[in-house]
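We call the chains A, B, C, D, E and F, going by the order they appear; numbering starts again at 1 in every chain.
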Amino acid sequence: MNDSSTTAAARGAEGPLLVISAHAGDFVWRAGGAIALTAAGGRRAKVVCLSFGERGESARAWREGRTLDEIKAVRREEAEQAASALGAEIEFLDAGDYPLSETRELVDRLVHVYREFEPAVVLTHTLTDPYNGDHPAAARMALQARILAQAIGYHAPGKPLGAPPVFFFEPHQPEQCDFKPDTLLDITAVFDRKRKAMECLPAQQHMWDYYTDLAKRRGVQLERNAGPNLGLPKSCRAEAFVRLYPQTTGVLA
Amino acid sequence: MNDSSTTAAARGAEGPLLVISAHAGDFVWRAGGAIALTAAGGRRAKVVCLSFGERGESARAWREGRTLDEIKAVRREEAEQAASALGAEIEFLDAGDYPLSETRELVDRLVHVYREFEPAVVLTHTLTDPYNGDHPAAARMALQARILAQAIGYHAPGKPLGAPPVFFFEPHQPEQCDFKPDTLLDITAVFDRKRKAMECLPAQQHMWDYYTDLAKRRGVQLERNAGPNLGLPKSCRAEAFVRLYPQTTGVLA
Amino acid sequence: MNDSSTTAAARGAEGPLLVISAHAGDFVWRAGGAIALTAAGGRRAKVVCLSFGERGESARAWREGRTLDEIKAVRREEAEQAASALGAEIEFLDAGDYPLSETRELVDRLVHVYREFEPAVVLTHTLTDPYNGDHPAAARMALQARILAQAIGYHAPGKPLGAPPVFFFEPHQPEQCDFKPDTLLDITAVFDRKRKAMECLPAQQHMWDYYTDLAKRRGVQLERNAGPNLGLPKSCRAEAFVRLYPQTTGVLA
Amino acid sequence: MNDSSTTAAARGAEGPLLVISAHAGDFVWRAGGAIALTAAGGRRAKVVCLSFGERGESARAWREGRTLDEIKAVRREEAEQAASALGAEIEFLDAGDYPLSETRELVDRLVHVYREFEPAVVLTHTLTDPYNGDHPAAARMALQARILAQAIGYHAPGKPLGAPPVFFFEPHQPEQCDFKPDTLLDITAVFDRKRKAMECLPAQQHMWDYYTDLAKRRGVQLERNAGPNLGLPKSCRAEAFVRLYPQTTGVLA
Amino acid sequence: MNDSSTTAAARGAEGPLLVISAHAGDFVWRAGGAIALTAAGGRRAKVVCLSFGERGESARAWREGRTLDEIKAVRREEAEQAASALGAEIEFLDAGDYPLSETRELVDRLVHVYREFEPAVVLTHTLTDPYNGDHPAAARMALQARILAQAIGYHAPGKPLGAPPVFFFEPHQPEQCDFKPDTLLDITAVFDRKRKAMECLPAQQHMWDYYTDLAKRRGVQLERNAGPNLGLPKSCRAEAFVRLYPQTTGVLA
Amino acid sequence: MNDSSTTAAARGAEGPLLVISAHAGDFVWRAGGAIALTAAGGRRAKVVCLSFGERGESARAWREGRTLDEIKAVRREEAEQAASALGAEIEFLDAGDYPLSETRELVDRLVHVYREFEPAVVLTHTLTDPYNGDHPAAARMALQARILAQAIGYHAPGKPLGAPPVFFFEPHQPEQCDFKPDTLLDITAVFDRKRKAMECLPAQQHMWDYYTDLAKRRGVQLERNAGPNLGLPKSCRAEAFVRLYPQTTGVLA
């Protein structure tokens, strides 16, 4: 019974994962576990970076006197290594940051990505972030492009997109971004890969421990919220997400 | 990999379902599909009715001049038939309605139910309902008892409860109860049983079509939100729920 | 066409007004205009004071060394005069304040009031007030009793109540009480009576000007929100309210 | 007494109704009853369609291989017929959809409409809609233009607009759009016209029954919320709305 | 101990205050007290007016037949006088109002202001205002520019900005703008200056008393919320604000 | 100028701190820094534990077969040591936990504490906590008692309480408790004492590192939100709080 929804869940579990982020490093800290989990399961995972974070997230390089082009090259290389460590493809749209400007052209490029990649699941930033205007801008474009890609009347190659669920990944100061986690993803099995991917970003070394601690904290919450008395591993690692659309399911659990 | 969460989901899918409702009929209209789905999958489902709804939900019987005892007897019988049609066990705590008073004793009885039944999933009313004070009262007691049942230090038979997820089922005027569905359950395969259970409640015949229409409406929403382009049945039936605690999962879908 | 709703609005405009307040003075400051407007239109208006505000709202009298009984007597007399100035009936339940305790008995007394008075409109306190616990307690009881009075199965004289709309009147610090006005009532024509009623409460003389200023401020807002370019009087006076239930109407305006 | 507000309500009830929608069909499903009610009362009603919905809401036509111009022509014709069935005027701004781009020029055109038509009441989309970016875009422009039209300093023909109330009409998935109805409009007397208008849109035949069911559901809610015990018709039909600005009134009802 | 935070508070108390407002008069009504308090304490205060409010806030001048240039000149002069009365510097960006358009250039100009002025505290409009689109537009640009000014990679003279706290000042209809005050500033000592500054704006004479009354009302609230039993002056004057970011402090008080 | 508010802040900074918690250990994890900071500044700090947490927070002891009295004795001793390490007084009301029942008597005991201790600042639990019913119950009683203690008409020794600000301390799963920090307290200088106090609770050793990590995380946020470019210590430690009432102040910072 209820094969259709089981299929839906199954396709989510089997289909490709698309991550749309404002800057080159965001996907590592915020969704590295989800990406690694996808890749480890034999599914495609793709990261689209709208910018390199060359102006807003490269303070040390600027202080060291690097040029814009140098910074972009370094950020690209590091992000490629991190993506590789996670098992993901990566594409850079180089749209500029601080500010990341919302344009119809950029949204159109994302529509093409959706139509070509046909994601089963989408991850992006929260719509609120009082510390960073690029994050909500990226999220708005990611959502707008997803809707346009669904319309047969929108001119872009490929067939109309389905309705892949969207999850917001965790911002740096979750409460200030109205981020109330409704999904805790167990990333224990792949946390080592996430840690390796983080270590591909040497300029932000202080973040390594920070996000390791966060993974523990979310892991403790996962254990506390995980339904029955499971034989959970003692030190779960987890990532937190918020769904945008209702979950469709064949079973309550 | 990630066996623990898979196990969690699996146990939710395999374990018993507990429904705590204020009145004798609530479980049919609001959660009949979820109950039937559970039973059809070979799992136990149990309904606990805190009252018969003898004062607040039996207007016709009062107009016909029935006595309180007659009304309670009729309500009990109808609810038993409906539960039977859905494949569920049912228990009546006969605590009185309109108002359903919150007492420590009633909460204690619910703790005993939790400890004994060991539910993997719990369904109850929303915490807000400006049209009915008994519904939130039932929900508050259901939640309070679940927490108490988790404490080894609370004196009641059985071992401490795990952390079964809680879902609020749909109230009659969802928007007025701040009910924003985040879970749409596909009940297409068992809708016939829900309809039969509804027909066990002849005094509220106008509700049969009402909740059939609602199931269609929620079904259309399920189709629209169901991730990829599935080969979904043309006329899905669905029930809507809201989670209280974050979902713990081994896969984003 | 649409006679039914017109009738509904008409009955609201023609039927009796019930005001349920925690303390003896609340109705004057917060709803004096609505009451006077009702009475001036030839309709009954009734105020039910759950307490005299003898402990929590009579600081000066306590400082002057009055006894509890003296204070209650004074508060009663002043409230009666104010009600009289507004054209309203008044009843005191003398349930005690600071704290006003929620009891089943008190709710039952309010059910009797509803059944007997058959209000077409109900006014009470907001459900949130971090400065005064009695106000939300009064509101919760007023709402609970209204629901119970609707049930034919609830034992009390009279026939089941309809569904009179409920409005929350304005608390002293509106924003802190999550009071976002959605209804601005023009009380210009009866503001003199409200002022006279306020002057029946000599112990709180500083409030007279305070609530006169508030009436002006709400009046300015009424003018600013009043649909088309009306020939409104230059100095409107208004009271602000928040609806609990959706407005039912035969015309959008 | 209180003639001013009575006049305000009266002018709302007597003045013209302006509906601003993103696509050609929206006004039928979401506000057809309000429009028909206005027209039936001898008042002007005007619909402004910012686009034809040619890309985003014409899936079937695209699948049948129609050209963009053909689709726009068909959509225009159908919308004209539906408007005619409701008794409304209609104007198409042909600004393109999917995406509907917010531009200063388009807002300016709407200012001209406001100044010329002088609406007493305005209807538009909700500001939140995670399923459709054009709807909130239309709403933002409708609101912005309304404000600009109020300023004598804004260069456009006609005199400054008053402050016509704005109502959001019901989106397709109300809870997901944070649509909590606060106004239920009785459209029983004109529901036949709404049905006929719906039938002017043959491509979306499945919507006819869907919105007929919705009208029943909202009708049931209207009956349940309609103040006193009215002799309401047994099968009310209703449409739900949310006010943006406080209601200004001379009577609480 | 805890010198760092004490220093932070001290620098807020010692550093410059930047006020970014949409129109030429806003800063007087909404933040005149905060500005005068800053100046009276020997600190710099600067007001940046994005426009003169020449179209949207000069109704009387338009009715009197003034030209656009005349109106701008008058508004500039009045605002300069008011700023002078408060002890503040003032700068006009002349970006046009009704609508105030958000552009990258205007944001860039604000970045330059931040970098040059190095504010320790920032005041601006609320992000929500259903009565005026220019106010939220100004706020969005003020916030965006503040973030950009923090990035060393953003090309503008000066060194990267710290993280000055941002406060929203009070809109004209606070509840409708979701303005829930969390900060009440005692302006008793400088209220005379605020009154004088208000009197520099003769076209809006009715506002003088309006904002004097508001200052009293907020003053009463300040007294009621001011921790222990202070020997507060009998007639406090206050302004209300809402913080955007968490307060950082070395002491809870 | 503005001496009154300065005085208010000063008295907050100089006056006694009252912490009301449900169980014996709560104050250590959630407010240990604030307490130590108070004591280190030469002010009194007092902790009132409504229960020992003997049933709900002593799982290990129950598993080890201890009796209720033994558990209470151990909890008391540990809490006394922790309070001592922080420099605080402590009082146990022994009202029982799981559930902690709200009673008029218990509220009255708290009124006596308020009147006697005359706190300048109050800390307690959040009003929402879906994981623990005792926490909100404690908070409701703490708030109710504070209001009652303000009324001269309430019979209890001592003079009426002023209006000490209330802060909610951080719950274990902040986002699920709608805890959005608006105050970050720098506890760097006293973190060692907090750590020592935590080590007085050997049964919850896993919490030591957990709350040390949390202090770092909140510390990073404090640095990021701390206004200007301060010479903050490299590794701040902080605790997060939420204010219930507006801050009253003589300076914006």
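Some observations on this one:
Going forward, a contact is a pair of C-beta atoms (placed from the backbone, for glycine too) under 8 Å apart; a residue touches a chain by one contact, two chains touch by 3 or more.
None of these values were measured; they are calculated from a predicted model.
Under half of the residue numbers at the chain B-chain C interface are used by both copies of the sequence. Here the CA centre of chain C is 37 Å from the CA centre of chain E. Here the spacing of chain D and chain F, counted between their Cα centres, is 52 Å. Within chain B, the positions touching two or more other chains are listed as 131, 176, 181, 221, 224, 245-246. Chain contacts here follow an irregular pattern that is not a line, a ring, a star or a complete set. Taken pair by pair, the chains that touch are A-B, A-D, A-E, A-F, B-C, B-D, B-F, C-D, C-E, C-F, D-E, E-F. Residues of chain A that touch chain D in their complex: 104, 107, 143-144, 147-148, 151-154, 160, 244-246. The touching residues of chain A, when paired with chain F in their complex, are 131, 173-176, 178-181, 210, 213-214, 216-217, 220-221, 224. Residue ranges on chain A touching chain B, taken from their complex, read 1-2, 4-5, 7-13, 15, 17, 34, 37, 40-41, 118, 120-121, 123, 162-165, 167, 181-190, 221-222, 224-233, 236, 240-241, 243, 245-253. Taken together, the chain F residues at the contact with chain B in this complex read 54-56, 58-59, 62-63, 68, 71, 98-99, 101, 130-133, 176.
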